[in-house]
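Take a look at the structures below.
Consider the two complexes below, in which chain A is the common component and chain B and chain C are the respective partners.
Now for the complex of A and B:
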């Protein structure tokens, strides 16, 4: 139905190479989320798949067929644009209907499809409105409905929920997951929001500067990052890191795996410092501790009596520590350097 | 106690402030209003009054009321009827030609980029900057039936020569041609501006929605530039109705009134026949026609114009 394969794809804007020799296979029926910092090329990638910003070189295939020469309208893809791209001179209904009309779907069938799509995104009341009389979130829903109504084999969504309020976003997130389950088509979804990425994706493609840093399931990406970038990008607050061994290696541990205590922890990596902030979020407490190198965050789920300004110890168990080499790549347990580095870490002060 | 005094003080200042505040806005707009009153409203009223009078410029005491006589003269006068017809023909023809050419040129220039486009854009706008006098001079020379450039070219390619401005059948088309040539660039630039304000992603969305070129033009481009098109149509209609310089310089309304238009007629009444009353009546006719046309435009078209 909709396997997308990008082979040796390069995209240049003038002399500026944004994506170089990228290879990516998006499985049919998967919910793939593209994440990465702003400007890393997520939108560019979607546009190449859609055919509205064709690659400079390389091939894009859908279902094993090279579609580089196929017009965007004939690729069987629908896209939700980052800036909505609503047709300003058409009503909500006409906006959603436009694609169907161009594909010569009979009128009564169109009406039914549009009504269904409107219902899915909660636009029933607004069908006759002009776009300039819609809020940002409502426009986004029009864009979503416009994609849904076409029943494409590939959905491309560029941050489709970024302008919705928190409640509606959660609701739409669930709707989209359900929609994906129902349609079983390929979803390629761009977001800045880690929670969105973690909760919706079955595969996350993490990008940086036009390169794929890691492509894995959310769980694997979080628990077993391949490199420092992936480790730091996923998770909030970001993983605590510290250089050691003549600045050659980096150790890291997640705030939620950190130990905070007034007593020196044993059999652990440990450091001591002063609590500079304590944020009580209700379900958990975020501590910021300043040691002699940096700020370290620790998250605890139970209340305790540590206060701001207090001297504390921070620790992390060896199994919760991630090691990275100078090339930013992960040093895993099977690496010959691992045992020695582990000993170094535990001896650090 | 203390609180009380502050309160009364406050009230007083607010009261005084109130009076000043009320008069302030009027003071601010007063200069503009004096200007408008003096230079717009007063002349219109004066023209309206004169249009019902037989005006004697040398001895104003001999000016007398003649009721609708000026108007009835105009409406039954063959020359004036011809003038009216000419004005409509001129307006319709320039509107159609300029609109079509400006649109085509704008679409073309908007699509392509590069030095040639920049040059064409500049070249198309050029006539708008050149004074009408120079344009008229150059075109009268080129349209000269015996030694003008146009006829030389026509005969060189084997076509019959044209009398251009000197025959009553070709004079009006010639004037329309010159006027259109002068205005196309300006209106083209307005339309290009409108076209460039349409975000590229709208077209990308349309291409994903499988919209062909025709559908995209009809359903997206034209509606999106409709406010500018509407503006262009209204200003162009009013401008064409008031055309004077091109006619005065190229043909002097001739030959045989073939290119006489409303404002030229008014000019002739004033400066050749010294008939101020009649000129004013013709002026009022012009005012009413432009007003009626504008209202019709708004009635017919404003529903199709999409303001965002």
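Now for the complex of A and C:
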């Protein structure tokens, strides 16, 4: 129905190469999120699939068919844009109907399809409105309905929630997940927000500087990052890191796996410092502790009597520590260097 | 103190506006006044501003002293021809300059801007020869074809089209629209004020055009109203200013009517800030 394969795609803007020889397979029916910092090439990739920013070289296939030379309107894809891109001079109904009209679908069938799409996103009451009389959330729904109505095999979404307020964003997130379940087609979603990526995706493609850093399920990406970039990008507050062994290696641990105590912890990596901030978020408490190198974050879910300015010990158990080499790649348990590095970490002060 | 200063400021601003308005409106009001005066009033040494008796007969005289219905018909045919052809040519041109990438785009646009800066008096001799070669002198076509496109119109429309976000065009392409559909169904409706002002500027410019038809025509059958009004002077022999001004009113009234209908759009087009 909607498997997307990108083969050796390269994209250049003038002399500037944004993506070089990238290969990616997006599974049919998956909710794949392309995530990464600004300028990492995720939107460029999406526009390649849509055909509105074609690749300089390489091929894009949907369902095994090379669509590199196929016009955007004939690719069987629908796209939701960041600023919605609703036609301002057409009513909600006309906006949704426009694509069907261009596809020469008969009028009564069009009406039925538009009605169905409106129902799916909750726009039944607003069909005759003009776009300027809609709120941001409603415009977003029009953009979604316009995509749904075409019954595409692939949905492409370019940061569709970034213009909404925080509360609406959370609500729309849930609605998009539901919509994916209902439609069972391939969703490709671009965002720079790792929380959106974690909460919606079944597969995350993490990108940086035009390269795929890791492609995995949210859980695997969080718990088992392949490299330092993935480890640092996913998770908030970010993973704590420290260089060791003549700056050659990096150790990291997640704030929620950190131990904070007034006593020196045993059998752990440990460091001591002063509490510089304590943020009580209700369900959890975030500590920032400054040791001799850097600030370290620790999250605790229980109340305790540690106060700002107090000298404390920070620790992390060996099983919660991630090790990375000079090449930024992960050093896993099966690596010959692992046992020795572990010993070094435990001996660190 | 601040309030007083603000008051004085606004009083000065109103006075200045009144002065400027007066400078622009007075000749028109005087024309209206003269067109309704008697012969004696127009020729007396003392200035008459409000006629004692309104002489509507002047309008009847003017109407009968030249074939005005024919002139008006010609003018309308020329204007409609020009505006329709201009839209058919300028809208796609402006769209291409605003939203398409092609080799030589900037050079071509530069050439158009140069044309925009060149007065018609420089170009009329070669165009005259061209029209003459095509046997179009003394026809309506020689008054339409040279004005089929207008550099300023292309420039203005291009500015409007550039304000339409690219995403809209991309969305339309994903909705399987052709460039032609994007132009007529999305760009044009979104640029309505701009299109209206281009049409109006073209209308006023060509309705009032005197030089071009004078060069291109020899007979009444194809002459527009401007030439007709000017000929009032000749046909009347001695100068009957009231009749001439009445003829001028025929020239001005259609422009006023159009302006009143389109005023809102035009003001919008010159104060436009962008599409939200």
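FYI, the second predicted complex is superposed on the first by the 347 of 349 C-alpha atoms of A that agree within 3 Å, B and C clash if a C-alpha of one lies under 4 Å from a C-alpha of the other, contacts with A are read in each partner's own complex, and residues count from 1 in each chain.
Everything below uses one rule, namely that a contact is a pair of C-beta atoms (placed from the backbone, for glycine too) under 8 Å apart; a residue touches a chain by one contact, two chains touch by 3 or more.
Computed from a predicted structure; not experimentally measured.
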Fit or clash between chain C and chain B when superposed on chain A: clash
Chain B versus chain C as contact partner of A:198, first or second or both or neither: neither
First, second, both or neither for A:5, with chain B first and chain C second: neither
Chain B versus chain C as contact partner of A:49, first or second or both or neither: neither
Touching partner for A:144 - first (chain B), second (chain C), both, neither: neither
Touching partner for A:18 - first (chain B), second (chain C), both, neither: neither
Which of chain B and chain C A:73 touches, first, second, both or neither: both
Touching partner for A:89 - first (chain B), second (chain C), both, neither: both
Partner chain(s) touched by A:105 [first = chain B, second = chain C, both, neither]: neither
Shared chain A contacts, counted only where both chain B and chain C touch the same residue: 50-52, 71-74, 77-79, 81, 83, 85, 87-89, 98-99, 102-103, 132, 146, 150
Partner chain C, residues of chain A touching it in the complex: 50-52, 71-74, 77-79, 81-83, 85, 87-89, 98-99, 102-103, 132, 146, 150
In the complex with chain B, residue positions of chain A that touch it: 47, 50-52, 71-74, 77-79, 81, 83, 85, 87-90, 98-99, 102-103, 132, 146, 150
Contacting residues of chain C [partner chain A, same complex]: 165, 167-168, 170-177, 181, 185-186, 189-190, 275-276
Chain B - residues contacting chain A, complex: 199, 201-202, 204-212, 215, 219-220, 223-224, 226, 306, 308
